[in-house]
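Two complexes come next, and they have one chain in common, chain A, joined by chain B in the first and chain C in the second.
After this line comes the complex of A and B, so read on.
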C-alpha cells in the first residue's frame, strides 16, 4: 500500500444471546466508548464514521441511522457499507489512504435476537426464483456442507472437532458468549437441524457490537504506543445462485486472500501468519475457509484439523477467541476477528495469547454459503 | 394469470410476497424512561445534554449536536407548545403499529414546546381553515393506562388552546 493505515484501538461488547436491555445505539456505544477512552479521542475528533449493519435485521431502512449520534455522524461524514464489518475496515482504509480524512471510526452492530433469522435470511434470496423455495442460510449451508463432505470425503467427526475446539478456546475469552466443555460425541449426538448440520455445529443467536479507530500511520504514533497496521485487505463475491457455484470450493475467498497476501507480502500463509480469526457460522466452514485461505490444499481441511496444527499452541492457532461458534453476531464477526488479532499482536490477549504473534489474519463473510468474503492481514 | 401469448412473446408475471417480518425492538434505558413516564404518569420526559443544555428528543446516550455523552439528567417537558409548521395530510397514511390506515384528514405538526424542545405530533383540529403556524396547542393523552405504552403515541393528539 502507498502509505500505512493503523488500528489505534479496538473495542467489543460482551457477546450475548439477548441484549433486550439496550437498543442498537446503546449497544454500539458500549464498544465505541472503549475506543474513545483508550485513545483519548472524542467523537468530535472523528473525521469519518464507517459502519456496517443490516436493514432487515434492524427492521429499518438506512439502519445506520440507529447509531447516527453515537458514531458522531451529526452534520458529519458517515458511510454504511454492506456485508461484514471487516468490509468497513476496507472502506475506512481506502478513505485514509485518500488523504482526505485522518481519523475514522469503524462500527458494526447487530441484534440477532430482535428478528427471526430464517425469514431475514430468506429475504436475502433473489425474489422471483429462490425466495419462494423457503431457503435460508442454514439450509443452503447444509447443502454446501453435504457437497463439501461428499466431494472431498470430509467426515462429520472432523467438522465436530471444530465445534469442540472453538468452544474450548472461548473459555479463555471473557467476551465470549458460549464457551463450552464438549466432546465430539456431544456434537454428533446433538439434534439435527438440516443434515449434516447439527445444533452444536451451528452458532447461537447473538447480539453485540465492535468498534475500531483507524488513522494514518503518522497520526497513530501520536495516539497509541501500540498501533497495529493494516498490511493487506481485500474482498471478493461469489455468484448468488447456488447452481452457479461449485459449493465445495470457496473461490471468492481464495481470490480475496491472494490479493490481501500480495499487498502484505505474504508468500506462504502457513509460515508467514501467526494467528487466524475466522468467521465460521457452521463448523464445516472453518475447514473450508482454511483451504480457501491456502493453509492447506483443497479437500485437506479435515486432515489439517486432525493434525492439531490449528489448536492453541499449534503451528497456526485458529479462532483463539472461540470464533462465531462461541457466539458472535453476523455483520460483527469479521470486525471482531480483526479486534482479536489486534489484541493478539499487541500481546494483550490474556490467557489465550498466541506466543510471539506478529502477523494475524482476520476473516469476515456474509451471505448464503459465504458468498461474500473479506480478508485482512494485520501486523506490527 | 397472464393471457396466453404467442410462443415468441415473453410472459410478464408478478410474484407476490406477503410474509411479514416481525420485530421485537428494545427501547433501551433512555427511550425506555420516556415510555415509562408517558405510560405511568402522562408526562413527557427527555434527558438533557450537559454541554448545550438542550433537551434530547428522542432521549439518548449521546447528544448528536455536541457529540458528547449525555449522562442521566432528566427533565419533564411542558405539555403546551406552539405549532411551528404543519401539514394537512389527506392521503391514507398507515398506522405501523396495527397495519391499518389512520383516519383522515390528519394534520401533523412540528410543535415547539414551551421550553424550546421540538416534537412532532398530530393535531386534533381537522378544519384546515383553522390551522395556522403559531397556534397554541396542548397534549391530550390516552386516558386509560392500558391503552398507553407506546411512547409518544400515548398522546392522542395536540388540542388547540387559547394561550
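After this line comes the complex of A and C, so read on.
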C-alpha cells in the first residue's frame, strides 16, 4: 500500500437476540461512544463516516438515515456500504490513502430481530428464475453444504465440531450472545432446518453494532499507543446462481485472500498468521472458508478441523470470539471480526487471548453461499 | 398497525408491526421472455451457446460470464438431467410455492450450467446426487410463462 492506515480503536456492543429497548441509532451509539472515548476524539474531528447497513434489513430505504445523527454525518461526509462491514474498512482505507481524509469513523449496525430473514433473502434472488422458487440463504446454503460434503467426503460430525468449538470459545467472550456447553451429539440431534443443516449448525438471530476509528499511520501515533495496521485487504465475488458455480469450492474467497496476502507480504498463511476471525452463518462454511483461505487444501477442511489446529491453543486459533454461530449479526460480522483481531494484536483479549498474536486475519461475507468475500490482514 | 408492548425489566417497550408495500415490475428481457414463452407454449428449454468458450447456459442469457461475449445462439437443452445437489426443507416460508420443498441443482443434458428447481414424485430417502430426473410440466392451461410452469423434476 502507498502509506500505512491504522485502526486506532474498535468498539462493539454486547450481542443480543433482541434489543427492542433501542432504535438503530441508539444501538450504533453504544459502539461509537466507546471509540470516541478511547481516542479522545469528537465527531467534529471525524473527516468522514463510512456506515454499513442494508435497507431491507432496516425496513427503511436509505437505511443510513437511521444512524445519521450518531455518526456526525449532519453537514458532513458520509458513505454507505451495503455489504458486510469489513468492506467499509476497505472504503475507509482507500479514503485515507487518497490523502484528502485523515480520520474515518466506520460503523456497522444491525437488528436482525426486527426483520423477516427468509423473505429478505428471497428478495435478494435473481427475479426471473430463482425468486419464484422461494429460495433463501438457508436453502441455498443447504444445497452448498450437501454438494461440499458429497464432493469431499466431509462428515456431519466434522461440521458439528465447528458448532461446538465456536460456542465453547464464546464462553471467554463477555460480548458473546450465546456461549454454550454443547456436544457433537447435541448438534446432530438438533432439529433439521434444511438437510443437511440442523438448528445448532446455524447462527441465532442477533442484534448489535460495531464501530472503528481509522486514520493515517502518521496521525495514529498521536491518537493511540497501540495502533493496529491494515496490512492488506481485498474482496471478490462470484456468480450469483448456485447453478453457475462449483458450489463445493469458494474460489472468490481464494482470490480475495491471495490479493490481501500479497499486499501484506503473507507467503504461507498457516505460518504467517496467528489468529483468524471468520464469518460463517452455518458450520460447514468454516471448513470451506479455511480451505479457501489456504490454511489447508481443497476438501481438507474436515481433516483440518479434526487435527485440532483451529482450537484455542492450537496452531491457528479460529474465532476466539465465538464467531457468528455464537450470535453476531450479518452486516456487522466482518467488522466485528476485525475488532476482535485488534484486541488480539493489542493483547487485550482477556481470557481468550491468543499468546503473542501479531498478525490477524478478519473475514466477512455477503450474500448467498458466500457469494461476496472480503479478507483483511491486520498487524502491528 | 398492530402493536405489542414488551415488558423489559422495569421498562415498557413499545414495538409496532409495520409493512412496506412496494409493487414492482420485472422485465424478463428479450432473451428471458423467449425462454419463458418457449416453456409456456412448447415445453421447450432454451439455452444459449457461447461461440468463444462453447459453454451452453441454461436458462439462456445475454452475456457469457467467462469471456463477456454478447450471445445470440439459442440451443435447445434436454428436459432430462442429473441431480448435482439437493436439500429437503423442514419448515416452510411464505415465499415458497409449495410446503417444505425439495430443492435441487440439476444439470440438464446439453447444458453446462446447473438449473435450480424442485424435485417431486419421489420418496425423500430415495433421492441421491447423480440421480437422473425429468421435468414435469404443468398442463397447458395452467402454464403462465414462469419457471413454475415446470411443476418439478421427477426420477426418470
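Following the convention adopted for this analysis, the second predicted complex is superposed on the first by the 380 of 380 C-alpha atoms of A that agree within 3 Å, B and C clash if a C-alpha of one lies under 4 Å from a C-alpha of the other, contacts with A are read in each partner's own complex, and residues count from 1 in each chain.
Just so it is clear, a contact is a pair of C-beta atoms (placed from the backbone, for glycine too) under 8 Å apart; a residue touches a chain by one contact, two chains touch by 3 or more.
In this text the structure is predicted, and so the values were computed from the model without any measurement.
Visitor: A:185 in the overlay: touching chain B, chain C, both, or neither? Say first, second, both or neither.
Guide: In the superposition, A:185 touches no partner, neither chain B nor chain C.
Visitor: Looking at the overlay, does A:26 come into contact with chain B only (first), chain C only (second), both, or neither?
Guide: A:26: touches chain B, not chain C.
Visitor: So in the superposed three-chain picture, is A:132 touching just chain B, just chain C, both, or none of them (first/second/both/neither)?
Guide: It touches chain B and chain C both.
Visitor: Contact-wise, after the overlay, does A:242 reach chain B, chain C, both or neither (first, second, both, neither)?
Guide: After superposition on chain A, A:242 lies in contact with chain C alone.
Visitor: Which of the two partners, first being chain B and second being chain C, lies in contact with A:3: first, second, both, or neither?
Guide: The answer is neither, since A:3 touches no partner chain.
Visitor: Looking at the overlay, does A:37 come into contact with chain B only (first), chain C only (second), both, or neither?
Guide: In the superposition, A:37 contacts neither chain B nor chain C.
Visitor: After lining up the shared chain so the two structures overlap, which partner does A:194 touch, if you call chain B first and chain C second: first, second, both or neither?
Guide: second
Visitor: Going by the contact rule set out at the top, does A:115 touch chain B (first), chain C (second), both, or neither?
Guide: first
Visitor: Tell me the contact category for A:74 with respect to chain B and chain C: first, second, both or neither.
Guide: A:74 sits against chain B, while chain C stays out of touch.
Visitor: Using the superposition on chain A as set up above, list the residues of chain A that contact both chain B and chain C.
Guide: 20-21, 59, 119, 127-128, 131-132
Visitor: Name, in rising order, each residue of chain A that touches chain C in their complex.
Guide: Listed in rising order, the residues of chain A that touch chain C are 20-21, 59-60, 118-119, 122, 127-136, 138-140, 142-147, 150, 191-197, 239, 241-244, 247.
Visitor: If we count contacts the way the header does, which residues on chain A are in touch with chain B in the complex?
Guide: Its residues touching chain B are 19-23, 25-26, 29, 33, 42-44, 56, 59, 68-70, 72-75, 111, 113-116, 119-120, 123, 127-128, 131-132.
Visitor: Which residues, counting only chain C, touch chain A once they are in their complex?
Guide: Against chain A, chain C makes touches at 6, 8, 11, 13, 15, 18, 20, 26, 28, 32, 36, 57, 59, 65, 84-91, 93-97, 101, 103-105, 113-118, 129, 146-148.
Visitor: Which residues of chain B touch chain A once you look at their complex with the stated criterion?
Guide: So the residues of chain B touching chain A come out as 15, 17, 19, 21-31, 60-65, 67-69.
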